[in-house]
Every structure is written in C-alpha cells, then in structure tokens.
Amino acid sequence: MATLPLISDEEASAEVLAVFDDIRAVRGTDYVNNFWRALAHDPALLAATWGRLKDVMGPGALDPLVKEMLYVAVSVANGCEYCIHSHTAAARAKGMTQAQYGELLSVIGMAMQTNGLVTAMQVPVDEVFEV
Amino acid sequence: MATLPLISDEEASAEVLAVFDDIRAVRGTDYVNNFWRALAHDPALLAATWGRLKDVMGPGALDPLVKEMLYVAVSVANGCEYCIHSHTAAARAKGMTQAQYGELLSVIGMAMQTNGLVTAMQVPVDEVFEV
Amino acid sequence: MATLPLISDEEASAEVLAVFDDIRAVRGTDYVNNFWRALAHDPALLAATWGRLKDVMGPGALDPLVKEMLYVAVSVANGCEYCIHSHTAAARAKGMTQAQYGELLSVIGMAMQTNGLVTAMQVPVDEVFEV
Amino acid sequence: MATLPLISDEEASAEVLAVFDDIRAVRGTDYVNNFWRALAHDPALLAATWGRLKDVMGPGALDPLVKEMLYVAVSVANGCEYCIHSHTAAARAKGMTQAQYGELLSVIGMAMQTNGLVTAMQVPVDEVFEV
Amino acid sequence: MATLPLISDEEASAEVLAVFDDIRAVRGTDYVNNFWRALAHDPALLAATWGRLKDVMGPGALDPLVKEMLYVAVSVANGCEYCIHSHTAAARAKGMTQAQYGELLSVIGMAMQTNGLVTAMQVPVDEVFEV
Amino acid sequence: MATLPLISDEEASAEVLAVFDDIRAVRGTDYVNNFWRALAHDPALLAATWGRLKDVMGPGALDPLVKEMLYVAVSVANGCEYCIHSHTAAARAKGMTQAQYGELLSVIGMAMQTNGLVTAMQVPVDEVFEV
C-alpha cells in the first residue's frame, strides 16, 4: 500500500509519458515499474530522478552489474524492501549468477557484523588510512 | 577514543598473537590495524571474525576489489566512519582508480536518494520482481 | 502482524480507557489507531508516550503541519512503515497539499543523497559551522 | 579527515570553478564549504548535485526554512554529522529561532521514540491511513 | 516474498541437511525456520552462520534470555521485521514475561529518543567516559 | 563540537538547576554530563527527558545492568557515538565484567550480520512466530 496511487499511462500527462517512454526505450521493455508510477505525481522530481539514474547506472569505469550489486548493498543496509527486490532482479537480469549472489550476501553479512563491532568499540581510525 | 584500550603485541596472549601473525601473513604487511587490536580483548571473537573475514573477502565468484567496494557501500549506509576509512583504503590498495571511486560515490548517492523516495512513498513491490 | 494483539475498548483497563478517551477528545475523532492499541499492553508506557506526544505536536513556535512533515522525514530515514503512513495521513489531514508533499519528497531524496555522499567522503565539518 | 583531499580554487578545473562561482552567486557569499570541495574530484557529480540542490532547496510550496529543518531531521536519523552541522547552521541563517530549534529537537526525539516502539511491536498499518 | 525460494528438506543437499539436523538437535524441535531455508542456497554461508550463532547465543557470562532481548534491540534499531519477530518469539520461549517485554520496549523507546537528541545536538563525549 | 554551547551551573536557570540537582541526587555524583547541559537550552525538553529516563532505567522487571546493555545495543545499531560511550561507561559502573562485555559485543555483531542477511533475502516471517 503506497501513500500515493500509482499513475497509469492513461492518467499520465504528456510530460510524464515522455519519461515513461524514455524508460521503455533505454531498458528495452514495455514495463514501467511502480517506483516511476508513484514518482509521477511530481513530474519534475520524476524527470530529475530518471535523468540522473540513467547517467549513473550506465556503463563507465565500473561494470553495470557491479553497480547493481552496490545498489543492493546500500538498500540492504537501509532496509529498503522495494529497492532490494528491484535491484536484485536487475542484477539477475544483468547476469548475476547464484555463486555471485551468495558472495554478495556473504560480504553484506560480514560488513554488517564488523560495522557493528567497530561502532560498539568506537575504534579510532588508523593514521595509515588517512589520505 | 575507543571504549577499550588497543592491545599491543607485547600485551597480546599467544592465542591473540597467532591471529595477528596470520593477519600479517595473509596481507603481506607487518601492520595490524586498530580493529583487530580492539577485538583482541575477546580472543574467541577475534579468531572467529578474522577467520570468517579471510574466507569471505578472498577471491571467488566476485573480484576482491568489487568486494571492497561493496563493503564501503554497506559501511556508508550504516555511517561507520572507521569501516569507510579502512575499506576505502583497502579498495585503493587493490587498484581502485579515481574514476571508479567517483562512480562508486555516484551509485551510493543515487541509491540513498531513491531509497528515501521509495520508502517515503511506500511503493509496493512489482509482481515481476518476485522469484 | 504485530508481536502483540491489539487491545480493544472492551479489553482495556480503566487506566487505558482514560488515555483512549483523551486521544479521542484531543483529536476530535472516535478512532484510536493501532499504535495506541498495541502500546496499551503497558499502561504506564502508553500514558507517558501519549502525554508527551500531545505536548510536542501541539501548536508552538512551529506550525503543526510542519511538525507532521518533520515526523515523516525522520520516519523515512528510519524506514518505519507504520510511522510514514500515519504521519503522512496526519499531514494531509492538517492541510498538506500535493505540491507541498512533492517538495517534502524532493527534500528527503536530496538529503538522503547528500548524506550518503558526505558520509562516504567523510567530509570534515567547516569551522564556520561551529557555534 | 576526509577520504579525499579538498580541492582549493587554485587546484580547481574551469568546470569546477564554474560551479564554485555559481554557489557563491546563489548564496551571496565567497565561502564554498567543504562538501563541494570534496565532491569536486568528480566534476560531473559536483555539477549534478549542486544543480539539483539549488532547485530543491529554493522557494516553492514549502518555506526555505522548513526545508532546512526537514534536511536536519533526515540527517539526524541518518547520523550524518557534517550534514547536521551544515544544515543547522543554514536553518539559523534563514532565521530559525531558539524556540523553533527546541521544538525541532522535541519532534525529532518524539519521532525517534515512537519509530522504535512501532518497529518493536510491528504495528500493522490502519486501513484508515490507506490512500 | 523472498528474493530466493526457501529450500525444503527434500531439495536440500547432504551438507545442508546436516546443518538442518544440528539446528533441530540443538533447539529440540523439528521446525527449521525460514531464515535457514533461505540461507541454504549457499551451504558455506549457512554452516558458518549457524555455527557462529550457536556459539554466541548459548549460555555464558550473559543469560540466554538477556541475549535474545539484546538481539531484539539491535533488530529494532535496524528495522529488520523478520529478526524482530523471530527473536521476540525466542525471548518469549526463554521465559520473557509481559512485564519484562514492557520494560524492553520502554528502554528501546528511551534509547531511540535520546540517540536522536544527542545526534541532533552533536554532544561531545565527556572526558569521564574515556577509558 | 556541539550545535549548541553547553550550559554551566552558573548559566542555568532555576528550572534547569532543579533538574541538575535531581540528576546529582539520583546518581549520587556531582557530575552532570554533557547531554543534560546541551538539552538545558530547552528546559521543558530537559525536564521531560530526565523524568522519563529516571522512570525507565530504574529497577523493575529487568535488571538495571541489563537495561544499560540494551541501551548500548540500540545505540550501536543507530551509530550514536556519545550514547555508546556514556552507556558503556554506565554499564561498567553497574558491574559489567569484561566477559559480559565480550558477549555483548558478540551478540551485537551476530545480530548485525543476520539482520543484513535476512534483509537482503527478504525472508518471510514464519507463521509460528505470529502471536
């Protein structure tokens, strides 16, 4: 249950439809997922968010699959259910194997554990880690 | 300022020294960082944490550099200062370029933003994302 | 699914009913929402929480609608689904327009993003920000 | 201690200087704070972040002071020290009184408390809160 | 809806079944809960997690019931729904009374509130708290 | 560096001094720690927070030492440095041994790890955990 109804294509303004169409074109699918349909209540926020996401998640110095796994890692630490589902699905669509997923989970679990231990003990940063 | 004094080599028990020596051997450096010196107050916790970290962060289906960047991503979302410094340094030591770091930051920023938007709107998970 | 059954008016003790009645009087509605019915298992905690909430959220130096939006912002960053729903509804009941909600979402998204970037880079606080 | 050195005006590229100049012009001050000087290592990220911040935090359906207080609220829940300092300072610069700050703190404390209680009891969302 | 199907006894490998059997033996119940059935996709992660959990949560310097309540407290602050349900149930199975649960909730609520206030005001650590 | 100067006894109003005196009497020490001196800018918030803390943290169905350890656990998951220091010191003052502290750390680390794994896999709550 969202705090806002999802905007269908029929309800969308021309400005919103243009973003939906770009999402379809860039992703090579007709499906526009719920996040964009909720965000469509604020066309300026929708356009800014999609424009930036397209830039950030595209190919660059990091592999697009690595970027999706990083997205999952942040979303897990934040406890964002929708984000975990959508980006785990995206990582699979970009070729994440079961073995890679298992290692992703292992690193997340390990990082959570040591984050807790370090925070509990308030360990001071080593000088060697300074830039 | 830690909640516990850091254990030097001189103060370490034989059990703790064995772990410190393994850290030195695996990492090819004489330096044992503060996290392990704080954890050394509980030798069983030290041994279990190091043993597991060695397994998880070693080579496997994911590249060790990718694992370090995932570690940074979790640590940022959790706000763990020490973890951010130590794993950013480790990622650099494993070859992370400035361009890769810039993209890591961009993905983290993007993920934080959409995590907040999704959570605020309580967007329901799309059926297509279900396993 | 709660970890505790919700307390109905029929099951409530006189002490709990007195709080429920005050909630109804202050809010001008017969409806007592689930949070209070769960908290009612501990009458002292119920009375202390309601008493304080009534003080804090009433009129003062800040507008009650602004207070509800601040509540939503905290709840989003904490990922508290119930809190997001109840305080978004309360903000609407206090007159939040769709344009204001859109800007609330935009600020939350922006703050989440820069929180992530600042934390990732461990930016030192500028002296000019010191009191 | 940042994970990156801060970029001075002397070290800045023309692209970065253009953003610094826009920050100065929009804010009516010569001072460019550390966040932008850290972000300047990635000129595209700097430009995108500043461009979006300028849009989001400007006047609109919500008062700029309200936006700053919302920013503080998110930053507190995320535990971002730098963000808390810079946006508390910005809220003061935009006229936040001590009484308003006291109420901001009270709402944040109240929201944190009830977020914890609701989450602990896993209270189900009331149907009346559904859109 | 998990991101992975749960592994039944019939689908489990010998390695996974050995862990499931140990869970049954240690806990004195036939029931293996969903967490272990999801984790079973990665047998090494399953074995490492169960092995460590068994050590950590067993009797020692702290009472097993106290450990379960500490687990609930961490899980609430992290917003982990599953963890809250499973460890609240475990605490009840280990004898947590309603009065103890009420106090657990009160401490969690109090800690969340003062965490928010302290973080908002960025209170410096008193020297007397230093080790 | 706080966002507010700390209020000394000399600067305190009669209303604030009355709370400071009660803190001294209840704790059997002359020392009033920084949290209360920061909160003193808002006497009503100071009085409400101290009044509630005194009730919640006193003896009851849970041991005061257990309550301090629960406070530490919440504060670690929230990453509140001040809270971790002050409540770890309080737990030590109430008799926490090094072995108990080691187990507290172990439970926190374990809970953080499984919180991350459960959240990453979005494990559905078992029916047996329902009330």
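A few points about this structure:
Every chain is named by a letter (A, B, C, D, E and F) in the order it is written, and numbering of its residues begins at 1.
In this text, a contact is a pair of C-beta atoms (placed from the backbone, for glycine too) under 8 Å apart; a residue touches a chain by one contact, two chains touch by 3 or more.
These are the chains along with the protein names UniProt gives them: A, B, C, D, E, F = Alkylhydroperoxidase.
All figures in this text were calculated on a predicted structure; none of them were measured in a lab.
Common neighbours of subunit A (Alkylhydroperoxidase) and subunit F (Alkylhydroperoxidase) (chains touching each): B, C, D, E. Greatest centre-to-centre distance from subunit A (Alkylhydroperoxidase) is found for F, with centres as Cα means.
Look at the CA centroids: the one farthest from the centroid of subunit B (Alkylhydroperoxidase) belongs to C. In terms of C-beta pairs in contact, C-D outnumbers the other of C-D and B-E. Mean C-alpha positions place subunit B (Alkylhydroperoxidase) and subunit C (Alkylhydroperoxidase) at a centre distance of 34 Å.
Chain centres here are Cα means. That of subunit B (Alkylhydroperoxidase) falls 27 Å from that of subunit F (Alkylhydroperoxidase).
Rounded to whole angstrom units, the spacing between the C-alpha centres of subunit A (Alkylhydroperoxidase) and subunit B (Alkylhydroperoxidase) is 21. Taken residue by residue, subunit E (Alkylhydroperoxidase) touches two or more other chains at 1-4, 44-45, 49, 52, 74, 76-81, 84-85, 88, 102, 104-106, 108-117, 119-122, 125, 130, whereas all remaining positions touch fewer. Here subunit D (Alkylhydroperoxidase) touches subunit E (Alkylhydroperoxidase) in the complex through residues 72, 76-77, 79, 81, 84-85, 104-105, 108-117, 119-122, going by the rule given at the top. Interface residues of subunit C (Alkylhydroperoxidase), counted against subunit F (Alkylhydroperoxidase) in their complex, comprise 1-5, 44, 48, 52, 55, 125, 130-131.
The residues of subunit D (Alkylhydroperoxidase) lying in touch with subunit B (Alkylhydroperoxidase) in their complex are 1, 3, 41-42, 44-45, 49, 74, 78-80. Only residues 79, 84-85, 88, 98, 101-102, 105-106, 109, 116 of subunit E (Alkylhydroperoxidase) touch subunit C (Alkylhydroperoxidase) when the two sit together in their complex. Here subunit F (Alkylhydroperoxidase) touches subunit E (Alkylhydroperoxidase) in the complex through residues 1-4, 31, 33-35, 38-39, 45, 49, 52-53, 56-57, 60-62, 66-67, 69-71, 73-78, 80-83, 85-89, 97, 99-100, 102-104, 106-115, 117-126, 128-130, going by the rule given at the top.
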